[in-house]
Every structure is written in structure tokens, then in C-alpha cells.
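Several structures are given next for inspection.
Each of the next two complexes has chain A plus one other chain: chain B in the first, chain C in the second.
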Partner chain A sequence: MRKYVPKDNVQKKAYYTDRFHVVPRVPREKVIDTHFEATVFNLGEYVKDSYVEIGQLVVHIDANDNFAVLKILKEQCGYTQCSEQSAVDYLAKDGEFELFWQMLNVNEAKRVRVVCRLKEGLAIESVEPLFKSANFAEREMFDMFGIKVNNHPFLKRILMPDDWEGHPLLKTYPLFGDEFASWYEVDKIFGKEYRDIIGPENRDPGKIDIEDTKRFSRVGYEVPFGTEYNADEEVEVAYSETALVNYNKKTSKQLDERR
Partner chain B sequence: MQVPNKLTPFFENLNFERDDNTMVINFGPQHPSAHGQLRLVLELDGEQVVKAYPDIGYLHRGIEKMAENMTYNEFLPTTDRLDYIASTSNNYAYALAVEKLLDIEAPRRAQAIRTMLLELNRIISHLFFIATHALDVGAMSVFLYAFREREFAMDLMEDYCGARLTHSAVRIGGVPLDLPANWLENLAAFCDKVDYEVEHTYEALLTENRIWKMRLEDVGVISAEDALSWGCSGPMLRGSGVKWDIRKEEPYELYSELDFDIPVSDRCDSYGRYRLYMEEMRQSTRILRQLIPMYKETEPQLMAHAPQYISAPKEEIMTQNYALMQHFVLVTQGMRPPRGEVYVPTESPKGELGFYIKSEGDPYAYRLKCRAPSFFHTGLLQKLLVGTYLADVVTIIGTTNIVFGEVDR
Partner chain C sequence: MAQHQVNYASSAGLPIALTSVDKLVNWGRSNSLWPLTYGLACCAIEMMASGASRYDFDRMGTIFRASPRQADVMILAGTLSKKHSEFARRLYDQMTEPKWVISMGSCANTGGMFNTYATVQGVDRIIPVDIYLPGCAPRPETLQYAMMMLQKKIRRESADMKKNTKQDLTTQAGKRARLI
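Now for the complex of A and B:
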């Protein structure tokens, strides 16, 4: 039977997992009696869940409240820098993205991660008026995941070309690129009419084209550079002699004989 | 006359022809002062920049995508290609993030070696900064001198790990090798050399140099508030008067035991940042000198003992059956960290380099986000360049010290 490959997550998976393998969880500590208590108190109603994970406060909020929460964090709690923001793709499992903002308080050396879940196809409010670093970070999030950001001053692709199709960090996007990616450069440089002549771009770095005699030598024997490839030619494989073993001398132990 | 085709279309400067008299020029992506593949679209009124639009992505290799398809140990050499000027700081930031996720700590000797390598990489990166920055501004001799010392530092790296640029000198859980013979003596000699050269060559050539001061003073002024808002870190933040260094505030490795100062400049301009870089090199040599006796007191263990995640030492693998089995599983399947997420910031030479890792318990990271300092410093250019003169653009790009390996990832 053919192996079933899920289409909603084409990233690499473990080829073997023990039947009794139990995945532990990184311990989550309570916020009470830590130096994050005041932060959670200030956020009040907005907090859906909060805990301390590996030394940093994690606050779960509703996706609609992100601007209000970051505003409180900036103006009342002293988190004056938004050092990073991005998303995690949970479309296959839950049909939503997980967005996070990594906040830094330079006066008290505290870090908070604000986390929210956003349904597929919905847009998030831009925090660019509060933190200018969001200008590039939100553009990158849009480019990589296709998450629309409301009221962003210049929401445009940032790392990929403007006319690119697809969002590379989605779990549905294959590592070597999709159909569009394999034709992008051919179409761009030569034009669509050259597709038949050039063929799709090969993004597998380990691929060997045996008909390409300019970049690959033949397996087993040598030919001059650029010799035409002829599929019909029968060439006896001959190896060069070494001091220790003569591979050309057929003995019963050699694999060719056993076939 | 230019012959336009699909690869090189011919654009008339349409805006310039119109009545508002601004000119749009393309700076890069192939420009010697663009520090890599930076394309800046500048709108000029006379010689003054009215609008700047940094266009990046010419070096995008999808490193975060690759991380989702590689086991944790497989990905480590890929991090070399982020900030390729100081590779070990990337390796280390990634290794530290995974170690925090696994809740393991490297043995003390590994910590001493890592701290040494980090500071050595900081010197390499700062030497590269002063070399290229001075070259951009027009002081060519500094470039030659600084690259001479950088060669010595890279020789030290080569002695340790065999590579000069893409080191991969750190492993998850420790370091692969102990220091080779005579390395510490060479390091001490190198520290003396750097201290001497910083004072007698770079600073003697530049600090009071009239042209250098005219080109740098009051150019690229960032207020502390702007620097925080735009996500600046490292020397860009300290150059604006914010005393923030992750080595001091959120110490990792041996930094909490070391005695060093955090230089801060409240000039907020390129000249202040240049002074800051010089002072940071002195502090780095100061740290390295303290580390030499600290290293000698440590036990010889190099990798953390965590059989579930990290292979046993070679002797055990060769002699003990169970160690060999675990090694086999770790090599073929990869380690499986617990489910959870972590963000670990480190102070790389460029600023705050952090790795966010989301693990679902698989051998492959569910999501890895690399928080690169240069990415945000590039974003700042659209604010910083407005109102400056075209000649100052290269100075400002130089002073931000951006590296496109980590901007585009």
C-alpha cells in the first residue's frame, strides 16, 4: 500500500517514534511571587492565561486586544522595546496561527512574550504606531505567512520578490519550493516560451544529471569533457588499478559475478 | 546607450523630469559600500535624502524554513551562515537556546572556551567593522591595518576549530574540542597586540582625525527613544545612551563572574558609536585575559552529561554498548526536546541575537525564529537617512554595522 502523506503539513517528520514515547513538557511556573506579578496585574482583564516559562512571562490574550495590551505594556509597565514578533503555523491542527510579540523592559531586565491565536483569513491590528520595529517585523510576518496586518503603513513583501506566489513558512509549503517557484526564474529571465527548452528549476542539491557530461563525470569510467551522452553505448566498467587491489581482475568474490 | 532587455530594464528617471524636481536613485544591490546585498531606493532633493526605502531579501536562503526540516544538531552548521563575520556567536546563540529548552548546562571548561570564542569573535567583528567603516568614509590605511589583526584572530580560530569563517565551533551541550597546545599563549599575545593596535594605530589614526570627525560627528543621530522603538540593540542602543548589555543584565556562561565595563555614549551619533566599538574591543581583551587563568582551573569535561539528548564521549561509545545504542538513535533520529517554547537573547557583536524555538517534541523544531539585530537596524535606515546628504548615506550604513547574512536569513 502507498504511504499516506498529509498535504496540510509537508515538513519533515520523524521516521520512527517509539510506541511508548511520551513527550514531556517544559515546566510552566506560576506568576505569583515572581517579579512579573505587577505586569499581569496591570493587564487585568486582557489576560486569558499567564505563566512563567524558562525565565520569561508568557501572556495569552485575545487577538483583538493586541494593540491595547502592548500599549499598556509600553506605557504602564515600561516594556519600551518590542524586540521580535512573528507567527507559528497551526493551520493543520487548529486552523489558526499563533502570533507572538517579544517585549523587553530595559530598566528592570524583564522579558514578556505576548501570545495570541488568530483564525485563518483574519487580520491583526498593526502595533507600528507603538513600536517602529513592527514596521519590518510585520512585513516579514505578512511575507512568510500571508497574515494581513491592518493599518500598517507599507504592507509589502520584504524578503521574497513582490510578484511571488505563496508564503514560504507555511507548513503546506514544501522545502524545495512549489510548482510556481520552479518556473519563477525561467519565466522571469527568459520568458514563458522558453519553459520547454530549459525545463523547471531543479532545487535538489544532490541531483546528478547523467546526460550532463559537462558538470558530471560518468560513473565508473572517464570520457573527455563535453562528450555527447549516448544511452545505447555499452561500456564495460573499468577501474584504474591500485597498488593493493586490481578491480579489473575478475575473481569469484567480486560483486559483478554474483548478480 | 543602454540596451534594455528583460534582465536590465531601462527606467527613465521619471520623477526628476517632472516639476517637483526630486530624483530617485538606486543604491545597490551591487554597491561596494552597501555591505552586501542592500538595495536602497533614495529620493533626493538636490543632494538631500527626502525618502529612503531599504529593499532587502537578495540573500534570502530560507534558513528558518530549513530549521523546520533539520534535526537540532544538523541545523547548527547552518547558523554559521547568518552573521558570517562572527559565526561562533550565532552557533552559540542557537546552542544556548536549545540547551535552555533541554534544561542542561555545559560543563565549566566548555563555558570558559565558549566565552573565549565569543569574545574573540567580538574582536573579529569589531575589527571588520572599523576596517570597512573607515574604508567607506575614505580612510583606506585603517582597513589594511585592521584586516592584519583580524587575520591573527582568524588564525586563532583556525587553530581551535580548523575553520576561519564558518566555525561551527560550539555544540549543543558544550564544545567539541579542548584548546590546542600553546593556544592560550597565542591568545595572550593577541590580546596585547589588539590593545596596542587599538591605541596606537586605529585611535591614533582616527579619533582626532579632522576628516574622520567631520564625516562622523552629528551624522546618523538616533535618540534613545527612537533606538528603543525601532528595535535597536547592541552598540546602536548603547550609542544612544541606553546602558543595556545582555552580558551584564541577563548573564550567560561565565559573564557573571567576569569583571568588565559596559561603555555607553550619549553622543547618539556615528562618532560616539565608533568610540564605543573601540572601547568594547578593550573590554573584550580584558575579559579574555581574565578567562585564561579561569580556564586552567577547570576540569577537563567538555560536553554536558545528558544521555537522552547528547551522545556520550567517544571512549564510552567505543566501550559501552548502551552508550553506542543511544548514540545511534541520536544520530539517526535526532534528539527530541520536551514540548515548549523558548526565546533566548544573547549579546552578539552586532546586538541582540536571539533564537525563538517552538518545540512540539519532535526531532525537528516546529518553528524557529532568528531575531537578528541587523534586520531591525536595516529597518531603522528608512528613518535615519531622511534629511541627510547623499555623502552621509555610506557613513550611516557603515555605522549600523549590518551584515546581510542575518538580515535576509
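Now for the complex of A and C:
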């Protein structure tokens, strides 16, 4: 199994360290499309930056203006659907989240991505009054990143259990879970005192327990079902004989001594 | 006075079958295994196919029951998430004795490819398992075979469930944990 490396500084340290490697970027184009120009014009002073990426308008705004911007997009520019809303964790690099709203204009077949930056610990205004789809999206963002949403009708975890600790989509969250996550089911069902009895999770799918004589055993080390394992004494192994091969007799084809 | 014409002493003449209680009880138990209608993920689709007309579990006396109180086999078919583990254990606790558990598919056996924070790494961490069924997902034939293996296992057991050793969640891992 791969060694687990803590990913606390995953953003500070380059993942790929080739000296001559240039990270590919999607080219940013100027806004020349008439519809997009009109959209940017309608948003007026709210727009901090705007460009086109792969035929999609990207609009950077201030985190306080998100409700007003989406209201203009919905009522004046025809963006009647908010197809996705979530965040990206840039805490290690910039100390803030990037939040985005993916908007769709069905009549024009155009998409706009509204992007803003939000400092850690700050809350964002809910756009649920404008788009019902934002209800679940904002709950998921709260669940996965811990970003609070003001005036949300029912801000509660949506994917993880209500009593879960931590926010799994943060880049500091380990993939195999922290201590709370790895003991969650044991703590919940049996209680903390059963941790010693049940033991830690086995994260190695190829692991075979030599003490476990009831489930899987290593080939060549088979013992009778349910044998009490004792490290001191060797358990006599009787292999089966089939019409094709006798496992008790060493064949001439066996190259190495089994260790 | 009428003479009895039946010769009871000849072969198959006696209206009596000699057997042991164990065999009789296990004959009944093994031929009416009622699993719980309970699916977790894609393995449950294969489980449904096993129950439907093409593979036809009913001919083995295996009829899915919608209540844990009427079921005596729990087929854990699919990925068990940590959020759901509490409810899976509760369903198991609600089943009446005697009860058996089949862990169906890689995810239920070991967590499978979901080596993540949100998946239970093998249902035997919370529920004692009788049959581990490999595959991703196992075909209906495989589930039928597992059912037949479970029947064989039950026929070997004692009618008194207290005498049967169930997989103890505390044996393997716990012993090592205590040693360390």
C-alpha cells in the first residue's frame, strides 16, 4: 500500500516538480460576444473582473454582492437556472475559499460562472430565494467545507451524518479519515470501549491475517478451519489430493523452497 | 377381525422415519431461508435478479421478507457507508434467532475499492458474517451458490443455537490488539 503522506501543505508544495514543466492553463479571452457584453454591462459595478473561458463567461465579484448579482442575472439577463454551486479550498495558499455559481441561460444556450473569494470563517448570503436548486447545493457546501450560509431555510449536513466531525472536502482532511472517522461506526454502535476489542481498520486489501483461521489463509499455509493459532507450535497441515495434483508431495517443478 | 395387509417390517413399509432432532430442525431451517429485503448498492441489483424469475430463489425456499422480524438471513449486498452502519446493525439486531449473514461483494467484505473515510472497511467490523461472497458484483449464480453453502453450513450445525459458534467480532483483531 502507498505510504500515507500528510497533505497539510499540499498546495504550498508542488505536486509535480519537473523544472521545465509548465502547468497548462485554459486561455482567457476577452469578452467580445454581444450577449456576454450585455451581461457584463447589466452587472455594472459589481464586476471586478470578467473574461471568457471555453465559451463561458467568468465574472469575479465581491462576496457581499452575490445575491444582487444573481438577481440581476436571473431577472435581466435570462439566466434562469443555477446548475451548480460549490466552493474550492484555497486555504493553504490564500487563506480563503473560492465560491462559484454556475448559471445557465436556456434561451441563449449560454453559461456564466460567477466567482467570488471568501475568507475563512466568514458566511455567504443564501441565494435560495432566487434558485431552489441552491438549497441542497448550499447544504452540501456547508457539509463539505464548513462554510456557513446566512438566511438558509434549513442549513444542515446533507451527505455526512449529523454528528460527524470535520469537513471532508477540505484539502487538510485525510482521505482515509481522521481518528473520529476511522472509529465512527464502532463508537456509535458499540461504544468507545469496544475500540480495543474490534481493532483498527484494515486499509490493506491484500492483507491476510495468519491468526485468522476461519476466513482467508495464505496459499501453502492452510490450516484446518477454526484452528487455534499459536505462534510457538507448528500446526500440521494436510493438503488435499486431487486427480491432477498431490499437494502433499513436492513436485519437481517447484523452483524455490517456500519460506 | 381384519388382518393388516401392510407389512410394516419390509423396506419403506413403516410409516416412521428415524432421524435426530438436529437433522429435522436443520432440514426445516436450511430449506426455508428467508432473507431480508435489504440492498445497499449495485450488488443489490444482482440480488434482485437472483430473486426474480430467471434465477428464481423461490425454488430453493428462499423468499425475501420485508420485515427483519420475519427474516433469518441478512444479505449485506453492497457498500456499507459509515452513516448507514448504525441502521444495518439495528436491522440485524431486530432479526430473530436463529439468524445468518451473507456478506455479498467486495465492498461488504473489505470495503472494496472504497478505501475512503466514509465507508465501513468490511461489514464484519459491526456484524458477524457467516459467508463471504467475493465478486464485484457477484453474479446471481454466485449468490445462489452462497445460499447453498449456507444451507450446507446450517445442516452441519446443532439445532441448539447456543452450541453453534458464530464469528466473534472480538476474536481475531481483538486478540492481536490485546497482545500489542
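Just so we're on the same page, the second predicted complex is superposed on the first by the 199 of 259 C-alpha atoms of A that agree within 3 Å, B and C clash if a C-alpha of one lies under 4 Å from a C-alpha of the other, contacts with A are read in each partner's own complex, and residues count from 1 in each chain.
Just so we're on the same page, contacts are C-beta pairs under 8 Å (C-beta built on N, C-alpha and C of every residue); 3 or more make two chains touch, one makes a residue touch a chain.
This one's a predicted model, so the numbers in the text were calculated from it and none came from an experiment.
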item	value
First, second, both or neither for A:160, with chain B first and chain C second	both
Partner chain in contact with A:168 - chain B first, chain C second, else both or neither	both
Chain A: partner with more touched residues, chain B or chain C	B
Which of chain B and chain C A:49 touches, first, second, both or neither	neither
First (chain B), second (chain C), both or neither touched by A:29	neither
Partner chain in contact with A:179 - chain B first, chain C second, else both or neither	neither
Chain B versus chain C as contact partner of A:75, first or second or both or neither	neither
Partner chain in contact with A:189 - chain B first, chain C second, else both or neither	both
First (chain B), second (chain C), both or neither touched by A:203	second
Touching both chain C and chain B, counted on chain A across the two superposed complexes	160-161, 168, 173, 175, 188-190
In the complex, chain B residues that touch chain A	6-7, 56-57, 60, 62, 64-66, 68-70, 100-101, 103, 225-226, 228-231, 233, 242, 244, 249-250, 333-334, 336, 338-345, 352, 354, 356, 358, 360-364, 366-367, 369, 371, 375-376, 378-380, 382-383, 408-409
Chain B partner contacts - residues on chain A that touch it in the complex	11-16, 21, 23-26, 53-54, 56, 58, 80-84, 86, 88-89, 100, 102, 106, 109, 111, 113, 130-133, 135-137, 140, 144, 157-161, 168-169, 173, 175, 188-191
Complex contact set, residues of chain C against chain A	82-83, 85-86, 89, 110-112, 115-118, 120-122, 125-126, 132, 165, 167, 169-170, 172-178
Complex interface listing, chain A residues touching chain C	160-161, 164, 168, 173-178, 181-182, 184-186, 188-190, 196-203, 205, 209, 211-212, 214-215, 226
